[in-house]
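Paired with chain B in one complex and with chain C in the other, chain A is shared by the two complexes that follow.
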Partner chain A sequence: MLEIKNLMVFYENAIAINNVNMRCKEGVITGVFGANSAGKSTLMYTISGIILDMKKKEKMRGGERITVLGSITYDGSDILNMKPSERAKKGIILCPERRRIFPESTTLENLKIGGYLATRAQAKKTMEYVFAIFPALRELKGREGGFLSGGEQQMLAIGRALMAQPKLLLLDEPLLGLSPKIEAILARTVKDINRETGITILITEQYARPILPIIDYAYVLENGGAVLEGTSQELMENPDVKSAYFGL
Partner chain B sequence: MDIHILIYGTVNSVIFALIAVGFTLVYGVSRLPNFAHGALYVLVGFLTWSFIHDLKMNYPVAIILSLIISAFLGAIIYRLVLIRLRGMATSEIIASFAVSLIILEGLRMQGIGGFKGFIGPFYILPPFIEGKMRILGVLIDFQRLIIIGGGLAVVSLLWLFTHHTRIGLSLRGIAQDERAALMLGIDSDRAAVIALSIGSALAGLAAVIILPLGNVTAEAGYRVLIYALAVCIIGGLGSWAGTVLASFVLGFAMIVSTALFGAVWESVVLVGAIILILILRPSGLLGKQKELEERV
Partner chain C sequence: MVIEETRRKRLDRGIKVRTESLYALSTWREMAYMILPRLTLILGLFILPLVLSMYWQRVLCSAGIYALLALGFDFLAEYVGLVCLGGALFIGSGGYISGILNAYLDWPPMLTIPIATLGGSVISTLILLPCLRLRGIYFAIVSFMLPLLAVYIIIALNVFGGTEGISALDTFPNIWVEQYIILGAVIFSLFAIRRLVNKDIGLIFRGIMDNDQAVKASGINITSYKTKAVFIASIIGCFGGAYLSHLYSWLGISLFAMDFSIVPIAASVMGGMGTLVGPVVGAFILTPMSEALRGFGQLRVVLYCLILIGFIVYKPEGLMNYLQRKYHQFEYWERV
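Right after this comes the complex of A and B.
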């Protein structure tokens, strides 16, 4: 479904993504693990096209020069230079790191804004689905996003992304800063979403342990380069990975 | 006397709100200070006048046509000028003010193609309904009542638009977190075009409702721009509730100072209020963008 070839991203002369090759197979969950500054978020911004907007803004201010090289093929067509809104229309939806909930809008409004690309019927159906998988959100319909707890915000962020009718859902560190209990609930829900809706998911995390059980295939990023890849079983058995990423 | 201040203060406050609401919308959604706001206000006044007197249109048709033209102009200003300067605040101000100068000074220009220029006090839009009535013993003309009704209608329609329509909600998304909105497929250029069109049409709407109180002059463009800026600075840039609150603060402050000290103090009150707010609360009365920090 998604194929990345020889992807390089530079911020001025610093390399953020170094010759990464990876693919997301349709209907499965692919994981990307890596420490801080390994390039996970840059990778997500590049796939979703946000990097083009960052590039434009930096250029306007005369700031950092951002360069993107390589190719990203999605559903058979090259999307490297496609605007983020066009990519979203094609079904690539990013649920960003640190959630970025609209703080002054209520939970319900956040979901409605998420449904910008959806038809009325799709929005209604998806909203019911979101409330079914995150029953806590139903109780918080009228509360402003800025007043939700971290876990609630993350549920809302995933729900909001689902409202945009993704075909490829990009989850950037969805478990960041959450308690182990909520981590487990969210990880299970992500798996449920994948199983029930068939949405292809690409998920990044610093710590592999909580999401290892739900992924089918994973890549390990280090200093911008993909150093390892394999099924979750293969990765778990690799001694280097064990100590560095799984905390075993 | 008190009731007189209450009624005329309310009218004055609604005038401020009508003038500022379009400016706030554009700034709130796209962080674009549209310094051509006052020029569009005056342009709509003159367009409506010309449609009535030169093209012999009837009044409502002339109004609607000028509002449509104003909305288009807003979109054109963004597409041709501001889109190249997004994110550079000073350049946005200079460029939109340049557009404002072109429009306002263009209106005064004479001689090109037999154009006589809009100079002097001869351009008057008729009130929607002639006549006056008494409320609690205070004489008030119908146009001022229409202003109050129009202001209420504009604010409530805008509230409905931004809370219950797909496009309106997407504008609020962009206003709160542009990047998060981009991820959901909302295009920021498209949102800016929509915001500027609506903002410009609102400037025009304010013009056609308010201008029948006096005559249409090009100079009014600069004053309207200063009014809009004053309201937005005092209320907090981009804040809806702040805009309404600041309109009432300014509207009443001006009427009270006029009643107590005379009309010369009007502009002193306006500028004084801006300076006071900038010293005491630089982000404005309800400028709260920084208060709701994300929770980690």
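Right after this comes the complex of A and C.
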């Protein structure tokens, strides 16, 4: 479904992503693991196209020059220079790091904003689905986004992304700053979403343990390069991964 | 697969890195690299009066005033995080104080200008003090509104000459003194501010701009530092105002004109925000340009706006940001 070939991203002279090759198969969950500064967020920005926006802004104020090279193929067409909004229409939806929900809108409004690309019927159906998988949100319908707890905000962010009718859902560090209990609930829900709706999911995380059981295939990024890849099982048995990402 | 792609790489020149430290200035070339741009600006400004005709010499004087305002605006906006549209407030308070002292008490400009500079800046700072808690657009709106308030107070109470203003103030001895006073002030304040922002206090100012809560958490009283910053900027502006009233030998409510608040922004956008020298250069380009377009009558404003829009669309970073980058860095194509 998504194929990345020889992707390189430079922030001025610093290389953020170095020659990464990866693919997401349709209908499965693909994981990307890496420490801070490994290039996970840049990878997400590049796939969702936000990087083009950042590039333009930096250019306007005469700042860093961002260079993106390589190719990203989605559903058979090259999307490397496609605008983020066009990509969203094609079904690539990013659920950004640190949630970025609209703090002054209520939960319901946040979901409605997410449903901008959906038809009325789709939006209604998806909203019911979101409330079904995150029952906590149903009670917080009228509460402003800024007053939700971290876990609820993350649920809302995922719900908002789902409202946009994704075909490829990009989850950037969805477990950031959450308690182990909520981590487990969210991880299970992500798996449920994938199983029930068949949405392809690409998920990044620093700490692999809560995510590894639910993914089908994973890549490990280090300093911008993909150093390891394999199925969940293969990675779990790899001694390097064990010490570096599980803390065993 | 062989990658056959290239990208433009940008690197600092070696000489730039070497000349950043004072102790590394060992060769004439390095010294020239550092001194030449500054010398060009200083000499350029000081030679200008010698080559210009009488009319353009007057334009140069008013360009100098705008340059001072633009410098203050850039300092407050890019180094303290206060977008201050109070240029007219500074000009007005400085101009009125020096004009009144001169007209009612008959003090000479030598005395009134320093008094008005200090007194005006104290007054403007006190007026702006209550709104220092505001940030961004809110501070801009309030500071933009205050000069209008002052105008209506003067009209309503009919003090200080009311709408007519006061004319026949003392002028400077001759046009050379006029020009070199303002040019000297521009150069002096430019280099003074440049030094200031690299000192510890400049670090605090920038800290306040980036994250005022973090600065507060370090035990620093941000309101006092903001007050200091506004005071510094208003000293520069009030000097311009005091000078202006003696330059035209007249004071009136047009000292609070909106131009003094707006043109500095245009000059900063054109010259390059955050470079300090950029707004000064921008003011010295924009003011004569606006004069040169006078021949077009009412179309003048349209052309003026078109040029500004052109700058915003095609060179939004501004002139000096671009030139400085070209001067300090070189580019080449690199295979990746």
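Just so it is clear, the second predicted complex is superposed on the first by the 248 of 248 C-alpha atoms of A that agree within 3 Å, B and C clash if a C-alpha of one lies under 4 Å from a C-alpha of the other, contacts with A are read in each partner's own complex, and residues count from 1 in each chain.
We adopt the following convention: a residue touches a chain if its C-beta (ideal position, glycine included) is under 8 Å from a C-beta of that chain, and two chains touch if they have at least 3 such contacts.
This is a predicted model, so every value here is computed, not measured.
Superposition model on chain A: chain B and chain C are shown in a clashing arrangement.
In the superposed model, more residues of chain A are touched by B than by the other of chain B and chain C. Of the two partner chains placed by the overlay, only chain B lies in contact with A:160; chain C stays clear of it. In the superposition on chain A, contact of A:48 is made with chain B only, not with chain C. Of the two partner chains, neither chain B nor chain C is touched by A:227. Shared-chain residue A:12: touches chain C; no touch with chain B. Judged by the touch definition given at the top, the superposed model places A:61 against both chain B and chain C. By the touch criterion defined above, A:132 reaches neither chain B nor chain C. In the superposed model, A:109 lies in contact with chain B only, and not with chain C. Applying the stated touch rule to the two superposed structures, the overlap between the chain B and chain C interfaces on chain A comprises residues 60-61. Listed in rising order, the residues of chain B touching chain A in the complex are 85-88, 163, 166, 169-170, 172-173, 176-177, 179-188, 190, 292-296.
Residues 1, 3, 5, 7-11, 272, 316-318, 321-322, 325, 336 of chain C are the ones touching chain A in the complex.
Residues 6, 8, 10, 12-13, 19, 60-62, 65, 67, 69 of chain A are the ones touching chain C in the complex. Across the complex, chain A meets chain B through its residues 48, 50, 53, 57, 60-61, 83-85, 88-89, 93-96, 98-105, 109, 112-117, 144, 146-150, 153, 160-161, 163-164, 176-177.
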